[in-house]
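The following blocks contain the structures, represented as structure tokens.
What follows is a pair of complexes built around chain A, which joins chain B in one and chain C in the other.
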Partner chain A sequence: MKKVKKHIILLTPLFTYFTFFFFAPMFVLFVYSFWLKTSTGLVPTFTLHNYLYIFSNKLYPITILRSIRIGFITAIICVIISYPVAYSLTFKYKKLQDVVLYLILISLFSSYLVRVYAWKTILGSNGIINQILRYIGLIEEPLTFLLFSPTAIIITLVFILTPFTILPIFSSLQNISADLIEAANDLGANKLKTFYRVTLPLSMPGVITGFIFSFTISTGDYVTPQLVGGTEGLMIGRIVQDQFGMTYNWPFGSALAYFMIFLLIVLINCFIWITAILKLKRKF
Partner chain B sequence: MSENKTAFVLKDICKNFGNVTAVKNFRLDVKDGEFISLLGPSGCGKTTLLRIVAGFEIPDSGEVLLDGKSILQLPPFKRPMNMVFQRYALFPHMTVYENIAFSQFLKKKPKEETQEKVKKMLSLVQLEGFEQRKPDQLSGGQCQRIALARALINEPRVLLLDEPLGALDLKIRKQMQIELKNIQEKLKITFIYVTHDQEEALVMSDRIVLMKLGEIMQVDTPKRIYNHPNSRFAATFIGESNVLEGEVAQIHEDYLVTNVDGLQFFAQRTAEVKAGDKIFLAIRLEKVNRIDKKTKKSFDNQFQGKIEDVVFFGSSVKYYVRISENIIMISEETIVEEESDQGVEEKNIGDTVAIGFAKKDVNVFLE
Partner chain C sequence: MRLKKGPRFGVLDVINIIILLYLLFPLAVIVLYSFNLTSSLKFPLEGFTTRWYREVVQDKSFLDSLRYSLYVALAVSTISVIIGTLASFALTRYNFKFKNIISFSVLIPITLPAIILGISLLSFFAAIDFKRSLLTVIFGHCIFCIPFAVLVMNSRLSGFDVSVEEAAKDLGATTLQTFKYVTFPIIRPSIIGVMMLTFALSFDEFLVTFFIIGKRNTLPIVIWGMLRRGVSPTINSIATMVLFLSMTLIIIANKYAKIRTLR
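Moving on, here comes the complex of A and B:
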């Protein structure tokens, strides 16, 4: 009994913090999402009007789908480029581990905003990429699709989010003992088969974590799209923000936010479910 | 054992890691169906040697010949050998069935055949019905049996075992020693067994390769290596011995007279020695007998001494007998049933006692 209490004391600080600054505001938002906005102000009531309103205007579903598409592509690219880095750090360049991980962390030292601005200059029509391409003579007019487009958002978000995919994949690869890889080798698996049958399945938890991190963060991002996305790159975070800032339609903003939370939870569970099915299918 | 033809040959294997010599000029002929133990303290190169045979390490020089052909160019997954790891190395994401069937699956064997074989392997290691368990639901002993089944299903020419019982507790280890030996005799597969446990090596092996600092010290049957160690290292690493320093006094046709701290010891003539050579004498503890009045046996070497200590070991008792100012000899006696009540009860510390041992039990080596 006493033991249990001590345990709770240690949990209290974070629990209190989260209760006041996360759960309570989230609950307030949840309540708002059922209220109504009228010309005179907010009316406390219970209506699903705000949720249904999402589908009344094509803009919202299109933006939601675009956000998810950008988030999905970003997450896939992040995982694909992070895996080889984490893999080679674990198995090939063990001595470089500390240095490279430190460098990855350093990239997190500078502010997120600063890095987005940096990409804005790099990708811009007078940015370094266009300047180089023009100097070489590959192009005459600056490439405009580089900036103010979904491509620009993806490029920027991949840069910002790769640390969040490298680290979980790296740590799950760390847990794979060299014995297992040697055992697979010994039992007749060449390098490719060893990777596909042993290393990859055992590092899936890290891959899934990394994917979820980068997918949720990029889908919900609203600063990057504003700075480098242009009109084509409008994402849902911006619309939610506008409901609170510009139109003062808090109920609709809340409903939109909760709808996104719900949608992401469903999508993430689908993803986990698919990998679980793939795992079962591997039976032989 | 069937026809004792040579299965594979290790020829002058050398391997260095930086400045450290792991294996030096290692040569060994292994016969088909033989149980060979590589025995030695940690860091003696035994595991490195096993990994060279498995293909995980490439020797700096030397050859590994299987049926007369070099296999050094083959990657591990193409060698007809399988390995059992100390830490089991079962794939945690696969069931017992999938673990065992892994190599068959890679060979694209028909499913029915594999199922049949897995069943046979599970009954061989006495774990029938464990197919659907996951490795984390098994005890250490069970894991190691599955690892054994996984390696044996491939019908390897040679099975390599890297201290497979090292992680198990004593009781299961002893049981597994017998089981391993039985399985090996049943399947007649060549086993190369790496261990630092001399008892394990003595119990299971047909031949023991005793190693020290990357070099072979002695290769022999357990019985011969125990009774006739060829070095001080062998005499003390395998079993326990009284080791004494002395000098050769006279050389006779089949025995030696040696001088140890003023006492005369008769020893068997084994090592090439000249009169006046400094030598070590090793006598097994259990070969040193206490002579009491009842047994009127006499020995080549007999000494009077004072019992300094008596230590009880359950099935045996050790007597520490001082026979001269600088020499304490230990005599180990198995407790016979009738005596067991008195064995230790006899308060014989301080008593004078006669001890004796045959000259054939005194091994002599130069060092």
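Moving on, here comes the complex of A and C:
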């Protein structure tokens, strides 16, 4: 009985902190989403108006869809380019492992704002790419389509989130016992088959974690679309921010936030479900 | 034994080099242009100067924000490491009801988009009429730093051999003595690692801070202000300094606690 008490004592600070600064704020936000903004201020009531309002103006569904599309493409690219790096780190670069990891960590922990800004200076009409292209005489006029587009957002977000996806995939690959891979080889599986039937399925938890991280972070990002997105790259984060800033319509902002959380949960579960189905199929 | 053919330069290496270049080239651009003679982003570079660094170091708003950021990050890393370590002990050493739910719930804040944490904290502080200041920023930062603290400590504590503690107790050590002379020295590297990691996370945080900051601006808020105003070479020099600061922190952190186990 003594042990039961101990874990409660150890968890009390965490529990208290989360109750006050996470669950309570999330609850307040939820309550706000049912309030109403009128010309005189915020009216405490219970109405679904804010949620229905999302569909009243084409701008909101279009922006939400665009955010999800950008987030999804970003997450898929992140996972695809993270996998070879994580794989090599685990199975190939025994000596270089620390060096490559440091390079990845440097990217991961350098300032987020600065990393977005870096792409603005690279892609801009006076940016590095245009300067180089003009210097070597490939173009006369700067390419203006590079910056301020959904593509620029994806390039930047993939750059920011790839280190974030490499780490979970790497850590799940590290947990795979070498015996399993050897066993597959001994049983006559070639390299590709071993990878497809042993390594990849066993590293799926890391892939899913990486995907979820990059998908949610990029879908809800605010800074990147603001700095490199332009008008074509308007994303949901900006609209939510507007409600809490200029427009001062907190109830609508809260409803948007909860609608976004709801969509993210549904989509992530779809993704996990699809990977589970693919895995099942492979067994036969 | 086909796997142990030994390293051979192949397609995979080429792919890796391209990806690493993609991850590092933008940072190199920032560092290079922070020393550029003119304020434009001309290619090739026009000369070497430390002028932008001298300008930054004399800028009062930069120095103030740096001080506030360090203050916030120090407080955040201290709170996070204490709460995170205690929770991690409970999660790795004891079996109890709802353990899975708790381990999962701890991670929710870092899987949510930061903007949602920001607006929920803003709504909360407004609802309870709590004035926004550096204190609210500290409260906000801990919410995404504690999960990381728990993750790193879990990876350390789950591999902890409890028998050494039992041995100490069998030899007559009290609970406090056991902690002081056995447990703490073993987990100390992870504690330092967690502090560095959470320090770096807090020092760099922008979006949550953006919603709950008071009158005193942290460094990322000042950088954001500069970015809004346009391209300035001083941004490059600030960025370079911040880059080297976080690099130092991360190298120290990784030396003590293997952040690679981060999940």
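General remarks:
In this text, the second predicted complex is superposed on the first by the 284 of 284 C-alpha atoms of A that agree within 3 Å, B and C clash if a C-alpha of one lies under 4 Å from a C-alpha of the other, contacts with A are read in each partner's own complex, and residues count from 1 in each chain.
Following the convention adopted for this analysis, a contact is a pair of C-beta atoms (placed from the backbone, for glycine too) under 8 Å apart; a residue touches a chain by one contact, two chains touch by 3 or more.
In this text the structure is predicted, and so the values were computed from the model without any measurement.
Looking at the shared chain after the overlay, A:Leu202 reaches chain B, while chain C stays out of its contact range. Contact with chain C, but none with chain B, is seen for A:Thr162 once the two complexes are overlaid on the shared chain. With both structures placed on the common chain, the touch criterion links A:Lys193 to chain B but leaves chain C unconnected.
In the superposed model, A:Asn185 makes contact with both chain B and chain C. Greater residue coverage of chain A by touch, when chain B is weighed against chain C, goes to C. Of the two partner chains, chain C is the only one touched by A:Phe244; chain B is not. The contact surfaces that chain B and chain C form on chain A in the two complexes overlap at residues 182, 185, 190.
Those residues of chain C that touch chain A in the shared complex are 1-3, 7, 12-13, 15-16, 19-20, 22-24, 26-27, 29-30, 33, 40-44, 82-84, 86-87, 89-90, 93-94, 96, 102, 105-106, 108-117, 119-124, 127, 139-140, 142-143, 146, 150, 200, 204, 206-207, 211, 220, 223-224, 227, 231, 235, 239, 242-243, 246-247, 249-251, 254, 259-263. Chain A contributes residues 3-4, 6-8, 10-11, 13-14, 17-18, 21-22, 24-26, 28-29, 32, 81, 84-85, 87-88, 91-93, 100-115, 117-122, 124, 126-128, 131-132, 135, 159, 162-163, 167-168, 170-172, 174, 178, 181-182, 185, 190-191, 206, 209, 212-213, 216-217, 219-223, 227, 237, 240-241, 244, 250, 253-254, 257, 260-261, 264 to its touches with chain C in the complex. For chain A in complex with chain B, the touching residues are 177, 179-180, 182-190, 193, 197-198, 201-202, 279, 283-284.
Looking at the complex, you find that chain B touches chain A at residues 54-56, 75-77, 81-83, 85, 87, 89-93, 98, 101-103, 105-107, 111, 150-151, 154.
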